[in-house]
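Here chain A shows up in two complexes: once beside chain B, once beside chain C.
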Partner chain A sequence: MPTITFIRPDGARRDLAVAEGTSLMQGATSQGLDGIVAECGGNAMCATCHVYVDEAWAGRLPPLSEDEDALLEGAAAERLPTSRLSCQIVATADLDGLVVRLPDRQV
Partner chain B sequence: MSAGGTIVVVGAGQAGFQAAASLREAGFDGSLTIVGDEPVAPYQRPPLSKAYLAGKATAGTLALRPASFYADHRIALRLGTRAAALDRAGRQVALASGERLAYDHLILATGARNRPLPVPGADLAGVLQLRTLADADSIQARLAGVETVVVVGAGFIGLEFAAVAAARAIAVTVVEAAGSVMSRAVSQATSAFFRQAHEAAGIRFVLGASAERIAGADGRVTAVETTDGRSLPADLVLVGIGVVPNADLAAEAGLAVADGILVDHTLLTSDPAVSAIGDCAVFPSPFAGRAPTRIESVQNAVDQARCVAARLTGRAAPYAALPWFWSDQGRLKLQIAGLARPHDRAVTRGDPATGAFSVFCYRHGHLVGVESVNRPADHMIARRLIAERLPLAPEQAADPAFDLRALVRAAAAA
Partner chain C sequence: MMERQQGSVPAAPATLLAGAVHVSGAPVVDVDPFSTEFFEDPHRIHEALREAGPVVWLPRWSVHAVARYEEVRAVLHDPATFCSGRGVGLSDFAKEKPWRPQSLILEADPPAHGRTRAVLNRVLSPAVMKTLRERFQAAAHRLVDALVARGEIDAVADLAEAFPLSVFPDAVGLREEGREHLLPYAGLAFNAFGPPNELRQRALDTAAPHVAWVMEQCRRENLKPGGFGAAIHEAADAGAITHDEAPLLVRSLLTAGLDTTVNGIGAAIYCLARFPEAWAALRADPGLARAAFEEAVRFESPVQTFFRTTTQAVEIGGARLDEGSKVLMFLGAANRDPRRWDEPDRYDPTRSTVGHVGFGSGIHMCVGQLLGRLEGEVMLSALAAKVGSITITGPVVRRYNNTLRGLERLPVTLTAA
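== the complex of A and B ==
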């Protein structure tokens, strides 16, 4: 199972095993990670599962969809070039070792 | 009680869950219990009529948090347990089991229940409603052998279900008493678009008529008979004619109720030791001219829960979150920002013929609601426009060359 590292704004790291085919958001909320709100439950409606993808990985993810791009404009924390919605990133073997940072707020 | 004390939350839906989670997040350190009448831990309801029925979500993925979350955050879950009565003088909740839970503050997040269909035959096997996981499982179990469905009520739930059924090559007829679909929720333009889109997907509509009687054989539904004299064959009937707020517990305890539990602008009931949030609460909405408003949505449940949690941990503020909603119907994603009904002017941005457009609704010259179909960028901008009351003329809204994003950015920079 791919391991994804989530880094909180205070620097605390947590490694989570996320089943292939499952979104990072689901992997995080189902393991009780604070800092991912996911108000809409992964329907790409709300931008409360915002993460910053580590720059080393930014080019290795599937590109943003138009919906995700639009929603990120409404994210509570600052949008950066590495911003993604974790409900739209599906864990695969290729993403083993992926590092994402949590923003300081989701709402 | 900024740090300690005992808080009981009645209701284990999205609002009740969020209240408890936000209380802990805000540092509430006292005793915290959620009482819920369903046997399962808090879960998301919206996917029940969409992804879950379509087989794209499981009970596991619907759970709002894993069981360990509640233990880790010292939130006691009392599931499969109904709150039977409130003793406000003694600050206790009596459970159906006879047990009593003491509280310093009580949060009522009792939600709503489906409005029953008041016609003969509504109790036949195969006449179903959809609100809970158990309801969805019951529908899912029967859908496999079903060829013909009648949906009573063309609201969000009815149409979401109709779209799922039609995608499974089931013949679907929707019966709706009003003359148009989603008439209580959306503008005429959006309503007309959805009706046409669903018709193009093979769904048939009988509008301006109600179910008068449900016919059956051997205790099972066979047809829906309508007030305009039709008999619509059905193996399964899905009734989605709205909900009734669960306010009985509050009413019996002498709290003020009127189509829901009445609360003030901080979501306190007529008893300062009791708050009410979510589908069951009637509050003065700043987006409805402070008229008594009851909203059934995830956004409202979550934001009201946060508002109460903040108050109970020393950061009281009026409830002023912008209402927003969504509905997935087949390939159509409807997102609504604000309270668009009633409005006196509506303009359309984009061409409905392309399947992607937004309707901007105005009341007395102010933008009050925006309905977006497959235009999530418009929706996110609309939330800002309405929440921040940014001026946008109807002519600008309708002009595809007018840059809405630039308007919002300029306001943010100002």
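== the complex of A and C ==
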């Protein structure tokens, strides 16, 4: 199972095993990670599962869809070039070791 | 009662049906989820429906139904098999003319649905919500100040209805005159999703003036610049939809954007008045306001039900459904399914509500969910800041609607913090 590292704004790290085919958001919320709200439950409608993908990994993810891009414009925390919605990143073997940072707020 | 043939079991006393199975393989449960008895206490019947099996047959309306979380979610997430284009009420548009021109979004399927949905997604996006927050917050604080000064109020009319009415019509860009048609229109539209019972009949009998007013407001010249309505017409200018389609998409906002939020906020107040621990937690941390609203949507499920229609023969939960079968989804039952939720009958704003289906799920998930949450959050946050206690002071009266769950009256006393 790929391991994904989530880093909180205060620097605390948590490594979570996320089943392949499952989104990072699902992996995080089902294991009780604070800092990802995911109000819409993974339907790409709310922008409350915002993460910053580590720059080393940014180019290795599938590109943003138009919908995700528009939603990120409304994210509560600052949007950066590495911003993604974690419900739209599906864990695969290739993403083992992926590092994402949580924003200071989701709402 | 509808006359539908396809292997229907005739309605009979529950005792005669114990253990009966429909030809589809679904256990028969003889209850009427559109009855006064049900509206007064849906939870006991929800439990019976969930426990009878993953898919059940309701002889009262000759329809299959799902009440467990897993099956409700599965139906919501398979729009190719369980379509919306034949109507999301009991009436099958392939056999009966819709009572009003068919919705371009709620009662549409891919690929057509994606085009109209994209327009409303943008009109009601997170970025747009940011522009409304301050104004909505100020309105919530003004209203709560006035209500605390009065002390004794009806939390339905004076709060749950008054607040959305003070912000939503302006956000759409509606003119002032005639806004009293909005709630009756929504009430009748949601009654019309139900079976041909008295509620639906009365709704349709009294619809004409409300329908006429609403359709008139959907026209571009009646919508103020800067509002959601004008934004939909601008999407037509940009070619995303046609100019003929724009008024019908505005109508979707007017149908689904107000009464739902009213019942969501009403649900939250009713929960907070009944669960002192939850109220104390919200008072101690007003940052819980948004979660307290969300949990109220799970707990009360203001939108209780929607239907889908099968596009092909399909097996689900051990039952084999023919093409053209209506399937009733009990969102409220799924939101309290003990297979999915710990202590489902406890209102707990600190629980994780991720995945609840109170706003639906999948491609038709409520397009106004962010607006609903914003209204709910700012209202609960204003209450937490200004109100010390919410005490129920008289009989709580339920409002009967074929789709919406909410109250007619909730007399409470608010004391200042």
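Definition applied: the second predicted complex is superposed on the first by the 107 of 107 C-alpha atoms of A that agree within 3 Å, B and C clash if a C-alpha of one lies under 4 Å from a C-alpha of the other, contacts with A are read in each partner's own complex, and residues count from 1 in each chain.
By our rule, a contact is a pair of C-beta atoms (placed from the backbone, for glycine too) under 8 Å apart; a residue touches a chain by one contact, two chains touch by 3 or more.
Being a predicted model, the structure only gives us computed values, none of them experimental.
Overlap between chain B and chain C is detected when the two structures are superposed via chain A.
Once the two complexes are laid over each other on the shared chain, residue contacts for A:47 go to chain B and to chain C alike.
When the two structures are aligned on the shared chain, A:31 is found in touch with chain B, with no touch to chain C. Looking at the shared chain after the overlay, A:39 reaches both chain B and chain C. In the overlay built on the shared chain, the residue A:74 is in contact with chain B and with chain C.
Shared-chain residue A:107: touches chain B and chain C both. Looking at chain A, you'll find residues 29, 32, 39-41, 43, 45, 47, 67, 70-71, 73-74, 107 touch chain B in one structure and chain C in the other. Only residues 29, 32, 37-43, 45-47, 67, 70-71, 73-76, 107 of chain A touch chain C when the two sit together in their complex. Chain B makes touch with chain A in their complex at residues 25, 44, 46-47, 51, 60-66, 68-69, 72, 298-299, 302, 306, 326, 328, 333, 335, 376-377, 379-381, 383-384, 405.
Per the touch definition, chain C reaches chain A in the complex via residues 118, 121-122, 125-130, 290, 294, 352, 354-356, 359, 361-363, 365, 367, 369-370, 373, 377.
Considering their complex, residues 26, 29-32, 34, 39-41, 43-45, 47, 66-67, 69-71, 73-74, 107 of chain A touch chain B.
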